[in-house]
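Written below as structure tokens is the structure these notes are about.
By letter and in written order, the chains are A, B, C and D; residue numbering begins at 1 in each of them.
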Amino acid sequence: MTVSELLNSMKHGGFTCRKVALATDLFLDMIQDKSCTTFLGLAGALIPGGMRKILYKMIENDMVDCIITTGANLSHDLLETSGGSHFHGDNQLKDVKIKELDFSRIFDTFISYESFVKFENLLQKLLDNIPNEPMSTRRFIYEIGRYVTDPNSIVRLAYEREIPIFSPSFADSMLGVQSWLFSQTKPLKIDVLKDHTEFSEIIYNSKKMGAMILGGGVPKHFIMNGSQLHDGLSYAIQVTMDRPEHGGVSGASIKEAVSWGKVTTDAKWIDIMGDVTLVLPLLVTGVLSKL
Amino acid sequence: MTVSELLNSMKHGGFTCRKVALATDLFLDMIQDKSCTTFLGLAGALIPGGMRKILYKMIENDMVDCIITTGANLSHDLLETSGGSHFHGDNQLKDVKIKELDFSRIFDTFISYESFVKFENLLQKLLDNIPNEPMSTRRFIYEIGRYVTDPNSIVRLAYEREIPIFSPSFADSMLGVQSWLFSQTKPLKIDVLKDHTEFSEIIYNSKKMGAMILGGGVPKHFIMNGSQLHDGLSYAIQVTMDRPEHGGVSGASIKEAVSWGKVTTDAKWIDIMGDVTLVLPLLVTGVLSKL
Amino acid sequence: MTVSELLNSMKHGGFTCRKVALATDLFLDMIQDKSCTTFLGLAGALIPGGMRKILYKMIENDMVDCIITTGANLSHDLLETSGGSHFHGDNQLKDVKIKELDFSRIFDTFISYESFVKFENLLQKLLDNIPNEPMSTRRFIYEIGRYVTDPNSIVRLAYEREIPIFSPSFADSMLGVQSWLFSQTKPLKIDVLKDHTEFSEIIYNSKKMGAMILGGGVPKHFIMNGSQLHDGLSYAIQVTMDRPEHGGVSGASIKEAVSWGKVTTDAKWIDIMGDVTLVLPLLVTGVLSKL
Amino acid sequence: MTVSELLNSMKHGGFTCRKVALATDLFLDMIQDKSCTTFLGLAGALIPGGMRKILYKMIENDMVDCIITTGANLSHDLLETSGGSHFHGDNQLKDVKIKELDFSRIFDTFISYESFVKFENLLQKLLDNIPNEPMSTRRFIYEIGRYVTDPNSIVRLAYEREIPIFSPSFADSMLGVQSWLFSQTKPLKIDVLKDHTEFSEIIYNSKKMGAMILGGGVPKHFIMNGSQLHDGLSYAIQVTMDRPEHGGVSGASIKEAVSWGKVTTDAKWIDIMGDVTLVLPLLVTGVLSKL
């Protein structure tokens, strides 16, 4: 049975089953609507969770026009580029023991101290190429991508395809820390306010806006906030495990965003409760089979 | 891309992605271990969620030796048998309005008043055939299955395949209410303590025990409790959205069950956080492709 | 600062803060409405979670007219009556180790093997007093309560105050297992269908219905199902950590129950997302201070 | 009954009940340990959720030495300063209707368009005072606080008490958007890398580190990341509704942070599953009664 056939039969189910199947069609509509600029929001441990190839395929197959991400996803992409690895293991291991073994744990994924060293070495080399002028995070990531040689890197592919990547909170990540260390001895000027200038230009140039929002956080808020400069999102898909009752942005329903003008009153949208690592491979495989 | 190929690539991911892929292999091991009796626990709105066909395939393909379920899943199976339907719709509709339209809502699934009437009529006819003697819920459901003619019914298929179905809390369901109404004028004697006699016999006749636990509740607890009569479960897979921190059984980790002797100390097990309606179709399709 | 003052200031907050404060007032309204029969649904590990005294106070202070509970809450009440204990400890301990030490774990609560033995001995003695005639779970629990001497027992207090306790799924609990073992050598006849007869009588005798539903499961469903015999609940408070998106009854919103006629169209209700062990002490203390 | 008495009795309960009571004692230990610098992480809609006064009390009573927050909490503090309000209402209202009424919704909290206008006017005035030189977000917020006159403002109080506030992702907030708009015509230079310089100085000057982490996100990550420059946190309390299984930072267990060296191997810590709006008032009231 193909994934596409499975998704078709899932439309006849209910709850999350049906939502994922319908979201596959909706995402296809979004990316095939030539008047729609598709934004991709990335929060959560997506690269440690094995989503690097899926995200690569999304960029490679023109499923996304603009990416907004936490610094962590950039850091872990470049960690793999540097020769570092994400291992899988037993999340019942004692963390004191894990530390003694020179590993760090992300639920059931493990990273060696050695991998971090490789990442840091790579970063210091890459940063040496960055022009000495104030820049947005978009430009900063673009300049990094220019010097990445790893063909599997998302940062590299986005550079090649000229897909802008914004990371408004990048300072709070391993990439941010390396940038700060670099800036102690060499010039590096990041102007996060410039992100708004460049992001709003993309928005003003969009006829319609659509978004695939994976995991909430700053990337979700940044896209939603930007959409207020427009009429709001015309298409929206959100995949999160967080929930709306506590008022935080990561769990807020898409429906709620209508009241803010962040989503148009006649938008097509689907909220999916689920772990991105399960939902995204299914959804992207389904879309790929129909492109 | 086939579902099987997708599951293979998901093994290289992390978090829920990898767990679902590994659980597919583990479930295959469980059902192919000839010394293992496989128990299936069913809680939650699985039939309204569209899982009837998947559960049918599980029985049809010898994936399960014994079923423990809420009364609701039996009721909704028989509701479809009676000609009733589960419709999909907009969960943003006002519930006062839904009621006025003579529908009832289960999140985004809807059932008409007419469907309930069909179900009730079917049930009263079926119950007329039940022998007038004290019986376990297992025997009761078996006797119902004998007179169901719908070839798509799980209750019917389980009868034909002689797969026992226990429903220790069946009284608390539409099936239970119909049974009670019937018992007002005609004899019907259900002895829930007999369930333990028959269930423990199945357990004593098992070399090993394995369980696929969907959704927690009484079915989970009944299987786990029974496993204490044995050495505990040797294989266990659990799919639930509930969480362990509040101490309730539906969210309790499988790991915790080791302390109770409900799971063997060297058991193979996987806890999956997710909606059954998304996880089960993927997992069962994967297993079917390898059988 | 008194709890009452804290609750008053919490009304000016948002989200769960405000909901708990408003639910305190709503529960007060419910129990002070003389035309309202108040039902209490108990699911989850409430006694292991330390709620025995709070539930005792609720019965003692006339906050409840009828209780519907899992068998587990009855079992753990009687386990404490038997001299057994619920200990608190470190939930990071290895479960294999906990088992070796002859303890069983419920998240961060521990029960010794010795406590279970005490419970079993008590139960076999109590069951010897039960009349040899078919009875509802309500009558069965009432008969047990008659012979319990522990003044701190909920089962005892409910007997004294003539507060009916139903436990439709009691067979699936330690109490159920002990009842079954007892029934192997001595007569014991539980007729779960009789629960409907007695529960519906209480409902028909109610002018209005109100419910405090703690934790979902069978107790929630049994109350909600019964309320359809009436016009639905006029007051409802629900405290659960489960969520609505997967369709299961434990997470279903109260709003949804309006479509089923389980809650009146003009009912006053509040859904609270939270662990009962945190919400209930606050709420009951608040109510007590105003009685 | 006082809150303090309630918390004392909650220690004898289990699960979240006990955790909140123990966390109150742990927080007291943390702030009374004179060698410990206490960091407060603020994410989620805390000000809309009514936590402004509680946070104010925490600063006023020396419970915190350094704050890390999302821009949203600063924005909503200043929105109230500007004369704007957070209203409470019915989250069942149609969002299209809410928008027509010129309100925006955060779950069950509402903000009028008029409030946003007041906020924007206030901000443009405040920003006029900011020195024209590159500054960290800490310095930026401090300079804003200097010109706020509202005695109820957290930003103002932190300025007066010289409690540093970092907001590494402030650009992604209403405050960030206003700063950007201002920067289109007047000079404003925010250097987010400088945050690391100033934050690491605070860390290097700390004998021990402790943290109260409310809601995850960038504030949690920033504190945890910084703690790696030290030996890790010696005390940690986390309150979040997110969960660990998907690998994201907001739900990650404190235990996991031990493997990263973000928490010392012998630290005292408590993970609380709950809505901050419910847990924090209880906890802070408990601490206040013992100071």
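Definition applied: a contact is a pair of C-beta atoms (placed from the backbone, for glycine too) under 8 Å apart; a residue touches a chain by one contact, two chains touch by 3 or more.
Being a predicted model, the structure only gives us computed values, none of them experimental.
Asks: Tell me which chains count as touching both chain A and chain C.
Replies: For chain A paired with chain C, the chains in contact with each are B, D, in label order.
Asks: Can you list every chain that touches chain A and also touches chain B?
Replies: For chain A paired with chain B, the chains in contact with each are C, D, in label order.
Asks: Let me spell it out: compute each chain's centre from its C-alpha atoms, then which one is farthest from chain C's centre?
Replies: Checked the centroid distances; the maximum from chain C is A.
Asks: I'd like the Å distance between the centres of chain B and chain C, where a centre is the mean of that chain's Cα atoms.
Replies: 25
Asks: Quick one: report the Å distance separating chain C from chain D, using the average Cα coordinate of each chain.
Replies: Centre separation, chain C to chain D: 37 Å.
Asks: Please compute the C-alpha centroid of chain B, do the same for chain D, then give the distance between them in whole Å.
Replies: 44
Asks: Can you list every residue of chain C that touches 2 or more other chains, as numbers and ranges?
Replies: Residues 14-16, 45, 48-49, 106-107, 109, 241, 243, 245-247, 255, 273, 275, 277 of chain C touch two or more partner chains.
Asks: Which residues, counting only chain A, touch chain B once they are in their complex?
Replies: Its residues touching chain B are 1-3, 6, 9-10, 12-18, 20, 45, 48-51, 53, 86, 88, 92, 106-109, 241, 255, 273-275, 277-279, 281-282, 285, 288-289.
Asks: How about chain C: which of its residues touch chain B in the complex?
Replies: 43-45, 48-49, 72, 95-96, 98-99, 103-107, 109, 168-169, 171-173, 176-177, 179-180, 183-184, 188-193, 195-197, 215, 217-218, 221-222, 225, 241-252, 255-261, 265, 275-277
Asks: What part of chain C is in contact with chain A in the complex they form?
Replies: The contact residues of chain C facing chain A are 14-16, 243, 245-247, 273.
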